[in-house]
Amino acid sequence: MMAKSKKAAKSLKHPLSIDHIARIEGKAGIEVEYDGSEVKVVKMNVYEGPRYFEAITIDKPVEEAVAVFPRVCSFCAAAHKITAVQAAENAIGLKPTEQTHKLRELLYIGDFIESHALHLFLLALPDYLGYPDAFQMGQDHKDILTAGLQLKDIGADIQTTIGSRYIHQENVLIGGFGKLPTKKSLETLAARLKRLYNASEEALENLVSYRNWPEVDADRIHLALKPYDNTYTMLGDTVVASDGDKFKADAYKIRINESVVGHSFAKHGSYNDQCFMTGALSRYTLFGEGLSSRAKELANMYESHLDPNNPMSNNFAQAVELVHFVHRAEEIAKSLSTEIKPYEKRIKPKITKAGTGVSMSEAPRGLLAYTVGIDKAGRVVENDIITPTAMFMPIVEADLKRMASALSEQGVSDTKIIAQKLETVVRSYDPCVSCSVHVADIQ
Amino acid sequence: MSKEQEPSIYETHKCRLLRKYQLTDLESLFLFRFEDPGVAQDWRFMPGQFVEVSLLGLGEVPISICSSARRVGFFELCIRNAGRVTSAIHQLQPGSLVGIRGPYGNGFPMEQFHGRDLLCVAAGLGMAPLRSVFLYALDNRWLFGNITIINSAKFGNELLFQKELEAMKDIATAENISIVQTATRDPDFEGLHGRATVHMDKANVDPKNCAVAMCGPPAMYRGMFDYLVEKGYDPRYIFVTLERRMKCGVGKCGHCNIGTATSWKYACKDGPVFDYYAITSIPGLI
Amino acid sequence: MRYVKISPENTYEFLSRLKGMGTLYAPSKISEQFYDFQEVDDVKDVEFDYHRTIRPPRRFFYPVEETMFTFDTHKVELKEKLPRKERVILFGVHNCDIVALRIMDAEFLDEQPDPYYQIRRQNGIIIGLSCMPDEYCFCNVRRIEFVDAGFDLFFHELPDGFLVRVGTVTGHKLIDPNMDLFSEVSKKDVDNISEFERKKADAFKVKGNWDDLRYLLELRMDHPMYEREADKCLGCGNCTLTCPTCRCYDVKDKPSIDGRTGERIRFWDSCQFRTHGLVAGGHNFRETKQDRFYNRYQCKNAYCPETTTAYCVGCGRCTYFCPADIQFRSNLMEIGGYQEVKK
Amino acid sequence: MVTLAECLGDCKPKIGVYALTSCYGCQLMLATVQKILDIAKNVSFESFYMLSSESRMPADVDIAFVEGSVSTEKDLEELMEIRKHSRIVVAMGACAVNGGVQSWSEGEKTCDELHKAVYGDEKIDMKPLQATPIDKHVEVDYYIHGCPPEEDELMYSISTFLFGTFPERVDYPVCAECRLKGNPCILIERGAPCLGPVTTAGCDARCISFDTPCVGCRGPVPFDTAWFDSLAMVFKKKGLSKDYVRDRMRIFGAHEDKLDEMLDKIYGGNE
């Protein structure tokens, strides 16, 4: 059953509730409130339980804490791990080597490829092709599923090769790595990535036959992290907004706030008190120029699908990123395979004084911010995590409201159709619900 | 190199389950037949030996044979539903196939028993291997003097082969066979009460010229040994069989190791039947 | 016995030629303190000066995990999966490990041969290497500091190369086609060897033999050592897994996802694990950590006719690789009342 | 020992994959095993929200794989429903088996304190609970350790059910696997705070093979064979403090009853 409606309503006079949105990470529902004539409020209820990461890590050794943080989420464990480790390094005042930075980026790209491939092929494409799940889709579209699984595999294998596994990598430590990947394994990865160029375009090719839904078109502010090397990647230290503003990641707390809402264990983020969008579409909108040549070529060809004002475009932007990151990963893996210094040792942290460090990065779903403060014994005294899903939660609700209102005006009354459309809007954001829960300031 | 053609020590024979008969809540009796006529013809065992029963995908389990060694091509196993493999065996329907390796272990030295009275003392599942000893004695009745079997269990409905033994009681008396069945913790049992030790005086045998075969928990052996020696039983003819974890059955896998540095034994190969002297001189056996 | 001599350079050449005959494994340094037998890629990486490898050589003939049978429930049949006949050459095996392999042979080949071990062993070549003991070694009290059998070739260190003993026909066949690399043994070489052996004998921290140990172990069963040391024990099994003579294995069926086929595998087990003595129904014959600890001391020191002493060959692995720093040798000395040699 | 007896022949068991409070890593692992399509062919997924819109809660299933700890009242209600509608319940992953990292401050900070620290005084309609392993609330038939579990383990468990039997719980530590793999011991060599000796095996010493000390994600070895005291004795000798050792052992072992007692034995009661 697609969704459970409390009442099989014939008109839109009644509220609608979706208990459990399928095919997203985490547990969330949608509640639509009508006052008889128009849609009043649309809430995305996050009832994924809280895990209080920020509270449980207080007073714990920072090296143990960075092993716990990534367990916020499995889809973007590497994103959390790398961002948390960078924040901790900033707090300690430790600067990792160039090689460590490169390897982390490659690992992070592995996370992107895996996460995007999973979302596009297993969670989103069934929507567009009209199947309840990827297994049934795979019976009719074997090639699509195969491409998706191959990309998922390479993304996973990149993470396993560098980080020890593709969920909750332990081999990402403050100061570097335990053991470095061998030249041979990097060569193998590069060769495999090269063979996947075509597969990486499969999602995009399948998505372009679908149009964005005009109902959710609306002006919006995008936020994304400026890539450190002016190309297109997830590491950097300056946030750029589509309203022309930019600010240092260290100062994110001044611009980005979170507040508690009653219907959700996830807090709601805001930028200068407005809702905003972050994620693949925001990255593309702000820094699309830096894409690798093939990805840019494809993006230009399908420009109309990449509308900054339509969240449905996020899927297309992810598909473009998939092409880009397969190319970029191949490049990095190839260059690392010749340049790697296999005996480079991890810089062991020597903690002698208290400090606070901030790090932001672009997780597959958008901006991710970590603040870690430690005392001179190396124990965590403060921390703050803001995840992309918490940041875009208010704009998801705004888009859901737009969708519900438009459908109401169009006279659509079949709750099943409404529910499916609303779910699809949510899925286009690729939300990570467990990420969004358990995050806030420690006062 | 020429040895390679010999069958592997781990060779498994296909056996078909012909009949399943429930003995108690937990234990059932299973009758098997070898599928391969050649194996059926040649396969022999001694009372006290065991086989490894194998179910594909589940694993193997050592079970002592409880039928008469005389029957060719067939054998019976009394199996308690206690673990992964045994619970699956209990779910098998007649006609099913299982794998059998063996027989393994030394078994009771039945030929040494010839010409003597026989006393079998069983507690709980211990009746399974002793039934084989008992049936051997019946099959070769002329080679034995008086026979007594003491079968005990906690509760009356847990007595293995209770009906079978009960049924032969009348003829038994005429044949100088005494059958004693007792429940140790069952006030409602319509028979004898108390441990096997309590009913030893019902043994209709001559201690000086009697072979004793025992199977039960180690705690039973300690008390029993003292009693037997005191009553003048010949220690050279007192044998017990032990239970251990066994995986290979051929002294390789090491699980059934017992003993101390001076006498290191494998229950599967050096046992599972041990004599009075081994038990009393090697710490750790019981 | 035939004796020849080889120079250090020729040794490398000889190793290169060996590589062409099969898979050559030799000790190699894997970290600051540890060595392991590894497949030789570059013969220059072969480590001649090492004390013990972290994994014992038995793994080449008795792998950590192997498939014994494959099965298909539709056919109700177990299909034996014997190993392929691959030539494995072990170079650099110390005397303790050579004797350990002979113990393995006795257990796995005498009487009822284990086909898996047998095939691998028949295709194995063992090349020994002399050694100087460190403070963990006590092979001398096990009376095996010098071996007479169990190797195809044995390399004895000389100041200018190696004196090579030829132990088997296979050994002759290794030498004969390569006589360009070997030379005759001189009187000086012999003097050097005897000097080496004298030095070696002096280097041990214990002297004499421990033949009476097994009786003392039995007579002092209640020794407080067991409780004290078992308390430190992590139950991790490292002592047994690194032991060159431990050979317990467990068997398990590995079904596959198709619901009908699968494999029956065997893999190394350890008497230090809880399930080692556990039987269906829940009774455990070695219930406590101390029971399991005690069991190993008895088992390792039991009489082994193949070496005329014990199943322990005194290689020192169980102490060297114990994360809890439990001193097997010292504990045995406590039981036996033996003293270290005063220097 | 509940098994699917009918699976001794051919059967297609009905499976539910559920999540309580967790990171969804166990489901992700299950969804991304190499042979996921083979699994999908041989079982019938009645409920698997992460992957399929054709999911129900609760569904009547033969086997329920439950990920996550009980951290809200809704979790608890769902768990009860799952138990009622499933013949076999499998606790999948560290949260369900050991309570997960969210139990790290178990016994130190109450749920209310944690809630207040993160959400302040703001009201949330749903009621949070102290994170607990699922077997504190319902009977669990089988356990799959790991954060996340290994692919092999998931495949093995499902395969055993298809064979009408059940997965065996591993009762020896990662330390043993590490040695078999031929890794140098980082605990001996440089005193690394490796939890390998007290952590349930099954990962083939994954992290230590990357020269990274075991963080204990697979949870303490079951059946009371995790010797925290012996390991603490080793750590103490290497100069690690009680607080540090305790914090580390509790990341995945906070619900272990014997942990504190065993640490006290080595370090003394109050340091």
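Some points to look at:
Read from first to last, the chains carry the letters A, B, C and D; within each, the first residue is number 1.
By definition in this document, a contact is a pair of C-beta atoms (placed from the backbone, for glycine too) under 8 Å apart; a residue touches a chain by one contact, two chains touch by 3 or more.
Since this is a predicted model, take the numbers as computed values, not measurements.
In terms of the distance between Cα centroids, chain D is separated most widely from B. Once CA atoms are averaged chain by chain and compared with the all-protein CA average, the nearest chain turns out to be D. Set side by side, A-D and B-C show the greater C-beta contact count at A-D. The distance from the centre of chain A to the centre of chain D, with each centre set as the mean of the Cα atoms, comes to 25 Å.
One inter-chain figure worth recording: chain B and chain C are separated by 39 Å, centre to centre, where each centre is the mean of the chain's CA atoms.
With centres defined as mean CA coordinates, chain D is found 42 Å away from chain B.
For the pair chain C and chain D, the distance between C-alpha centroids works out to 37 Å. Residue positions 160, 163, 165, 168 of chain D each touch two or more of the other chains.
Multi-chain contact residues, meaning those touching two or more other chains, occur in chain C at positions 73, 252-253, 255, 262, 275.
Multi-chain contact residues of chain B, defined as those touching 2 or more other chains: 57-58, 83.
By the contact rule set out at the top, the touching chain pairs are A-D, B-C, B-D, C-D. On chain A, the positions that touch chain D within their shared complex are 1-3, 19-20, 22-27, 47-58, 60-61, 64, 67-68, 71-75, 77, 118, 122-123, 126, 132-135, 138, 145, 152-153, 156, 164-168, 170-171, 173, 177-179, 259-260, 262-265, 267, 423, 434, 438-440, 442-443.
Residues 7, 10-11, 35, 38-39, 42, 155-156, 158-160, 162-163, 165, 168, 171-173, 175-176, 179-180, 182, 184-185, 187-190, 196-198, 221, 223, 225, 227, 229-231, 233-234, 237 of chain D are the ones touching chain C in the complex. The touching residues of chain D, counted against chain A in their complex, run 19-26, 28-29, 31-32, 34, 37, 40, 45, 48-57, 68-69, 71-72, 74-75, 100-102, 104-105, 109, 113-115, 117-120, 122-126, 128-129, 131, 147-148, 206-207, 209-212, 215, 217, 244, 247-248, 251. Listed in rising order, the residues of chain B touching chain C in the complex are 1, 3-4, 8-12, 14, 54, 56-61, 80, 82-83, 86, 97, 99, 243-245, 247-248, 250-255, 257-264, 283-284.
Chain contact summary for the complex, chain D toward chain B: residues 1, 3, 5, 8, 160, 163-166, 168.
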